[in-house]
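Structures incoming, each one as C-alpha cells.
Both complexes below contain chain A, partnered by chain B and then by chain C.
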Partner chain A sequence: MQALHQKAKELLESGKVQVIIGYGDGSGDRVRPVFISKAESASDLIWDDRCRQNLAVYLNKPEIKKLGVPAIVATPVVVKTIIQLISENQLKSSNIVVLVVDNDVVSELTDNASLEAYSAGHPVVFPPFVVKEIKDIAEMSIQQRNKYWQDELSRCFKCYACRAACPLCYCERCLTDNNQPQWVCVASHAQGNFEWHINRAMHLAGRCVECGSCTIACPVGIPIGLLTIEASRIVKQEFGQEPGLHCDADSAMSSFKVEDTETFIK
Partner chain B sequence: MSRIGVFICHCGENISATVDCEKVAKTLASMPGVAHSVDYKYMCSDPGQSLIRSAIKEKKLTGVVVAACSPRMHEPTFRKACAEARLNPFLCEMANLREHCSWVHAKGDATTDKAIDLVSMLVEKVKRNKPLFPIKVPVTKTALVIGGGIAGIQAALDIANAGQKVVLVEREPSIGGHMSQLSETFPTLDCSQCILTPRMVEVAQNPNITLYTYAEVESLSGFIGNFTARIRKKAKSVDEKLCTGCGECATACPIKKIPSEFNTGLGMRGAIYVPFPQAVPNKPVIDRSRCTYFKSGKCKFCASKCPAQAIRFDQQDEIIEIPIGSVVVTTGFNIKETSFFPEYGYGKYKDVVTGLQFERLLSASGPTLGEVKRPSDGTVPKKIVFVACTGSRDPAKGIEYCSKICCMYTAKHAMLYKHKVHDGDAYVFYMDIRAAGKGYDEFFRRAIEEDHVNYIRGRISRIYERNGKLIVRGADTLLGAQQVEIEADMVVLATAAVANDGAESLAQKLHVSYDAHHFFAEAHPKLRPVETNTAGIFLAGACQSPKDIPETVSQASAAASKVIGLFSNAELTREPIIAVVNRTAPPLFSTCVGCFMCQSACPYHAIEQEEIKTREGKLIKMVAKVNPGLCQGCGTCVAFCRSKSIDLQGYSNEQVYAEVMELLS
Partner chain C sequence: MSMQQRVIQHENLLKFLGEIISSGKQLYAPQKKAEKTYFLPASDVHSIVFDYIQTAESPKELLFPKTERMLSYEQVDGKLKMIDHAEGEIFPERVLFGSHPCDAVALKTLTDFFRHDVPDAFTQKRQDSLTVISVSCIKADDNCFCTSVGTSPGDTEGSDILLTPIGNAKYYVEVMTEKGQSLFAAHEKYFENSDIISKDKYLTKMSEVFSSSEVTARLSKAFDHPIWSDASLRCLGCGACAYVCPVCSCFDIQDEGTDKKGDRLRCWDSCGFSLFTLHTSGHNPRKNQSDRWRQRVMHKFSYMPERYELLGCVGCGRCSRACPADMNIKEQLKEITEKIEG
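On to the complex of A and B.
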C-alpha cells in the first residue's frame, strides 16, 4: 500500500494526472470508490482483497471527466474493461494512467501493448459460487431455466443500478429512455422486466468483461451478470472472440470477415 | 393535427373482385386524422390522379395514402401527382392491396378487413412522415470496364464513342477473351477472330479508352459517380514504350514447352510470349513463374536478342489510383475441365477434350492450323462423339443450371467436323435441344438434315479406352433406353460453363452480390438485368450467367447505355431513403456515443467518423456520420445501434413502430 500511496503522490505532484480513481474505506467494513485530486490525500487509497468493484465505470462519467486526466487503480478486470473501452472508441490509452499493483509493486500501464500484455497474463477467475451458479443453470432444462429467470426477474423493480454499475453501458441515452418509440416497456412487470434484461444481455453480447458489477449492484440480489456472461461465452464459442484482450479488436457481432467459413451469410 | 387523404383503387376488377373497396374507404374515413377517403376504379389513370391533386388542394391534405398495387409499379406516379399539387412527394405512401391482399385471398369479409388493416397501418405511418428532398451528388465522367472479352470491348467502345472516358482493365496480356479462341460462330459460321479483331484494334486506337492489360482491380471504394479504383499493373518485364512487338524475344526464349493458355494446352508457348498473333497490345510479357532467369538468376537470352533493349527484369508491379464514376463488370466465364468428370476418364484420356479445346482444333490459327487431329497421335479422327450437358443441368455435380451455349456450339462443332472430314461420323448425345434464338433452330436442323450428324437422345454413363479407341457407353432414351456403345476416335465434352476464377473475391471487392455459383447477381432479373444492387455498378456478359455472343454484346451495349445515361447528368439525384445520425440539443449534441459498431456493420462502407467541435475548434465528441451518396438505406446500422441514434429516413423507427402498433391494436 505504501508503494501505491507514493506513486499516487508523485503522479499528482508532477501534474501528470489531475485525479486518482481508487478504492478507499467506506462505512463499516465496506470499500468505496475515492477520487483523489490532492497529493496529501494520497494515503486515503487502500488496496486489499475487498477491492473488487469495477472502477472503470467512472472513466466515462461526464462529472469525472471534468476533473482532468485520471489515473486509475486497476484490478485485472478493470484492465480488461479499459481494453474493451479502447476497442469501442470510448477511451485512449494516452489519456489515462492505469496503475496495477502486484505484490506491493505499482506499475504504470500507459500504452495499448502494455495493457494487452497485462490482460493476457491475468485471466479473470470467477469466485467458486459464480462457477457453481453457471454450472447449475447450464444443467437446467429449458423449462426449468425459464422458470428460474421468471422467478428471479420478477423481483426486479427497474432501478437500473445494473446499468449504472456497468462500465460498458456508456450510452448517453439508453434505449429504455427512448420513448419515440417506447421500445422497452418501462413498467416493472414480467414483460417489462424481461424486455429490459434481454435487451441488456443482447447489447452486452461479446462485450461483457465478466466483472460482476451488475450483480453486486443489484439491490434485490438477482444474479443478472450470469446472462451477459453466458452471452459472451456463446460469442466466444461461435466466433472465437473474447472481449478485453485486444485494443483494436472488431466487434464480433457487427463485423464480417471475408475468410469466415460460415456460408449462411452469403 | 394530420389531415390524411386515403385513395382506394379498384384496379379494374383486380382489387374490387375480392375486396369491398367502398367499405374500406368508408371505414378509413372515420379513422382519426383522415380528412378525406374515396375509392375509384383506376387511381393511376389521369382522372384518378386528378382526384388526388384536387383533394390535396381542397382538403389541405398533409399526407396521402394510395391503396392500390405494389409501390414498385406506381409509387413514382402518385408521388409525382402529389408533387404537382405542391405536397412533398415523400408524404405520399402506397398500401399494396393487390399483391398483398386481393390477389392472394378469396372474396370475403376477412379479405376486406385485411385491406382495412393494411391501409390503416400506412395512415399511421404517413402521420409521422417528414418532407424529404432528393440528394444530389457529383459525377466523375470516367467508366471502369473490368474484363476485356467481347462484353468489355463492346461496352468500352460504346461508352467511348459517346464521348466519355473509359479505363479498360484486362488481367491477361491481351484483350479478346474467350471469343478470340473460337473458330467460327453460330448460327452464321463467320470466323470469330475476323469479326472480333477489328473491334480489338478499335479499342487500342480509340483516344477515349485507356487500356491496361496484365492488370487487376485491387480495390474499389466510394460510391456512384465517385468511385476510386486501385489497379495493380502486374510487371510485364517489358518496356511497352520501347517494344516494337517484333517477336525476337519469344523466338530466343529457350523454354518452349509451356502449355499455351490461349490454345487450351494443345499448343506450347515460351516464358516470354504474346498469347496469339492478333493480340492487342501486341507486346510480350514474361511469365515470371516459368522464366529461367527469375527461377535461377541466369539466362537473359531474350534481353540479348531484343533490338529495342526493352526487356526490364527489374520492373515492379505498379498500383495506380483512378477516379471513376461508374463500373461495368464483364469478367466472363470459364468452363469445367475434363478432369472434373471421373466417369469420362478424369481427364487422363488425351482424346477426350472440352468444347473449347475442340474450338482450337477447328481454328485456322490453332495448333493444327484448322485440321481436326487427335491430340494423342495426330491422326484424323473418323468418328467423334459429342456429349452435350456435361455437368450442366446435373444437381449431382452441383450445377443445376443450363449452360445455354452448348446445344448450339455442339451442333456447330459436329457441322464443322463434317465439313472438314467428309467421310467422318459425328454423334451427338443430348438431353434436350435448346435452340431458341434467331436462326438457331434452323442451324441445328441443318446439322441433322444436311450434314447428317447423328443425334441420339440420352446420356453417357462411361467412357473408357480399349485398343486405342474410346468406348462410349450410353443409352438411347428414344428407343426405350436401349444401350448404345460407340467406338469413337475422339470425344468432345460440352462441359459446364462456370463462373470465372476469382469471381467471388472480385464481387466482394466491388460489394456486389452473387449467387451460389458465384455468378454476379443482377438487380432485377427482368426489369434491371444489367444493373447490380450497388448503384453505379453494371454487369454484362457471361459473368452474370452463361451467355452466347449476341446476348453478351446486346447486354454490353445495354450496360454502356446505362453508363452514358449516368454520365449525361452533371449531378446525380438519389432518393433520400438513407440513414441519418441524430442531432440533439447541447450538451449531448447527438445521442451517438461513437462506438462505431455501425461502421463495421455497414455493407456499403457508408459510415464515416465525424468530429463535433465547439466554435473555438475544441473537440466535443466523435460521432458516426452517414455518407448520403454511399448509403443504400438497408437499415443494418439502425438495427445495430444500441442507443437508437441512427434512423432511416422514410422508414424511421417511429414510423415502423406506429405501423406495427396499429396492426396489433
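On to the complex of A and C.
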C-alpha cells in the first residue's frame, strides 16, 4: 500500500490532480469511498480484497467534479468502466488519472491506449458463487426462470440502490422517474418491479461491465446483476461486441448504420 | 399489566406460536431468505430464526406497506364507481413475533405520526389488528445505538408482550397491553408462574455514544454547517436507508390506469432521491445530495421532535448496514455533537 500512498501524495503535491478517489477505512471491517484532497491524508488510502465497490460511479457526480481533476484508484473492472464511459462520450482520459495497483506497483494510465491495454490483460473473473448462479439459471426452463425472478423481485422495494451504485446508469433523469408520460410503473408491486428491472437490463445490454456493484448494493440481496450480465452476454454472442475494451466502440443496441440490411428500422 | 411473574420455555413458545397460526391469525416472524433475515408470514414455526441481530427490513410494512392501494375507480355504463379501500378492505388479525424493542418503539412512532392531524385510516386499522410480541436483545453489533436515542435492549414501549431470553431455553414474559393480555389469556397453558426475575442482567450492555437531545439542540444551529457536504460526498442518492428504516414514512401518491379504470397508490418515497421535493417549476429546494442528507438527519432529529414530540430514529442501525456507500448514521450523529457548537 506504501507505493499507492506515495503516488497519491506526489500527484496531490505536484498539483497534477486535486482529489484522489479511493478506498479508506469504513465502519467495522468495511472500506468506504474516500475523496482525498490533502497530500498528508494520502496514507488514509486502503488497497485490499475488500475494495469492490465500483468507484467510477463518482466520476460524473457534480459534487465530485467540483473538487477538481481526479485520480481514481481503479480495480480492473473500474478500468473497463472508464473505457466504456469514454466510448459513450461521458469522460475523457485526458481529464483523469487512473491508478492501477499490481503487486504493490502503482501505474498511471493516462491515455486511451494504456487503458485498453490494461483492460485486455485483466479479464473479469467472477467469484465461484456467481458462476454457479449463472449456470443454475441457464439450466432452468423458461417457467422456472420466470418463477425464480418473480420470487427474487418480490423483495424489491424500488430504493434504486442498483441504479445509484451503477456507473453506467448515469442518466440525469432516469426513464422510471418520468411521470408524464409514465413509461414505467412507479409503484413497487409485481408488475412495477418487473418493468423496472427488465427496462434497466435492456438499457444496460451490451454496456454492463459486470462489476457486480448493483448486486452488492441491493439491501434485500437480489442478485440483480445477473440480468445485465446475461443481457451483455447475449449482445456479445449476437453482435460480437464486448463492453469496456475499446474507447472508440459504438454500442450495438443504440447505434444506427446506414448500411444496415435490416428493413424494420428504415 | 399483570404483576404475576411468568416465564415460557422455548418448546412451549413454539407451540404457542403454532397455535397462533392454527387459530387463523397471520403470524409474521423472522425467517431466512437469501442469507438475510426478514419478517415473513410463517406457516411452520420451525422456520422461525431466533439467533439474529437485526432483520434486513423493518416491520414497518405491517403498518405502512411499500405500495398501498388507497382507492380504485371504474366507469361502468357511464357511471363512475369508486372504492375507498380503507373502508372496503378487511384488515386481517396479525401477530408480529420477534421484533426487537427498537422496532416496537418504531411501530408506535409510526402509529403516532400517522395519527397526527388527519388520522390515517390505513395505518390505524392495521395497528388495531396487530399484536406485537417482541424479544429483548441479548446481543447487538456496532451499528446498534438504541440507548443513544432513548430506548434500550429491554424496552417494553410499543410491545404488547415482551419476552427476554434468560438462558436455559427460557424467556421472561412481560404482558404490557390489553391486546397482549388477550393473546396471553387465550394460550395461558404454555406459560409458567415464576419467582421475581430481574431481566437487566440478561440484556446486552450498550453504552450511550451521544445524547439525542444534544443532537437536536446542535441541529438548530447547523443548517449551513460544512458537515453536510463533507459527509455526503460518498452518498449515492438511493433510498436504501429510508426503505429499511422502521420510522421513515415519506410517501408519494401515484395514479395508475386509464380514464376508465385505475387505482390511486401510496408509494414509499425517500429524501435520498434527486426528485424528492423537486417542484413542477423546476425549482428544487434540496438540489444537492448534501441538502438531502441534511434533510434526512434534520427530519429525524430536529423537525420530528419539534413538531410531533417524536424522535425519527430508534437506533436499529439498519440504514448503516444497508448503505452501499457506508454512510453511517451513528458516526454522523456523534460527529454532530462533537463538531457543531452547542
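We take it that the second predicted complex is superposed on the first by the 255 of 266 C-alpha atoms of A that agree within 3 Å, B and C clash if a C-alpha of one lies under 4 Å from a C-alpha of the other, contacts with A are read in each partner's own complex, and residues count from 1 in each chain.
One rule holds in what follows: a residue touches a chain if its C-beta (ideal position, glycine included) is under 8 Å from a C-beta of that chain, and two chains touch if they have at least 3 such contacts.
What you see is a predicted model, and the numbers here were worked out from it, not measured in a lab.
A.B. asks: Which chain, chain B or chain C, ends up touching more residues of chain A in the combined arrangement?
C.D. replies: It is C that touches the greater number of chain A residues.
A.B. asks: Could you say whether A:Ala217 touches chain B, chain C, both of them, or neither, answering first, second, both or neither?
C.D. replies: second
A.B. asks: For A:Met1, select first, second, both or neither according to whether it touches chain B, chain C, the two together, or no partner.
C.D. replies: It touches nothing on chain B or chain C.
A.B. asks: For A:Tyr170 in the superposed arrangement: first (chain B), second (chain C), both or neither?
C.D. replies: First partner only.
A.B. asks: Check the residue A:His203 against both partner chains and state whether it touches chain B (first), chain C (second), both, or neither.
C.D. replies: A:His203: touches chain B, not chain C.
A.B. asks: Please work out whether A:Trp183 is in contact with chain B alone, chain C alone, both, or neither, and reply first, second, both or neither.
C.D. replies: In the superposed model, A:Trp183 contacts chain B only, not chain C.
A.B. asks: Contact-wise, after the overlay, does A:Met140 reach chain B, chain C, both or neither (first, second, both, neither)?
C.D. replies: Neither partner.
A.B. asks: For A:Ser255, decide between first (touching chain B), second (touching chain C), both and neither.
C.D. replies: In the superposed model, A:Ser255 contacts chain B only, not chain C.
A.B. asks: Please report the chain A residues shared by its interface with chain B and its interface with chain C.
C.D. replies: 62
A.B. asks: Under the touch definition given earlier, write down the residues of chain A that touch chain B in their complex.
C.D. replies: Going through chain A, the ones touching chain B are 62, 88-90, 170-175, 178, 180-181, 183, 203, 250-251, 253-256, 258, 266.
A.B. asks: Going by the contact rule at the top, pick out the chain B residues touching chain A in the complex.
C.D. replies: The contact residues of chain B facing chain A are 505, 508, 514, 516, 584, 587-588, 591, 593-598, 600-601, 603, 622, 640, 642-645, 653-654, 657-658, 661.
A.B. asks: Using the touch definition from the top, list the residues of chain A that touch chain C in their complex.
C.D. replies: 26-28, 30-35, 53, 57-58, 61-64, 152, 155, 157-161, 163-165, 177, 179, 182, 185-189, 192, 213, 216-217, 219-222
A.B. asks: Please output the residues of chain C touching chain A within their complex, sorted ascending.
C.D. replies: Going by the criterion above, the answer is residues 33-36, 38, 56-57, 66-67, 141-143, 229, 232-234, 236-240, 242-244, 252, 254, 256, 265, 267-268, 270, 273, 275, 288-290, 320, 322, 324-326, 328, 331.
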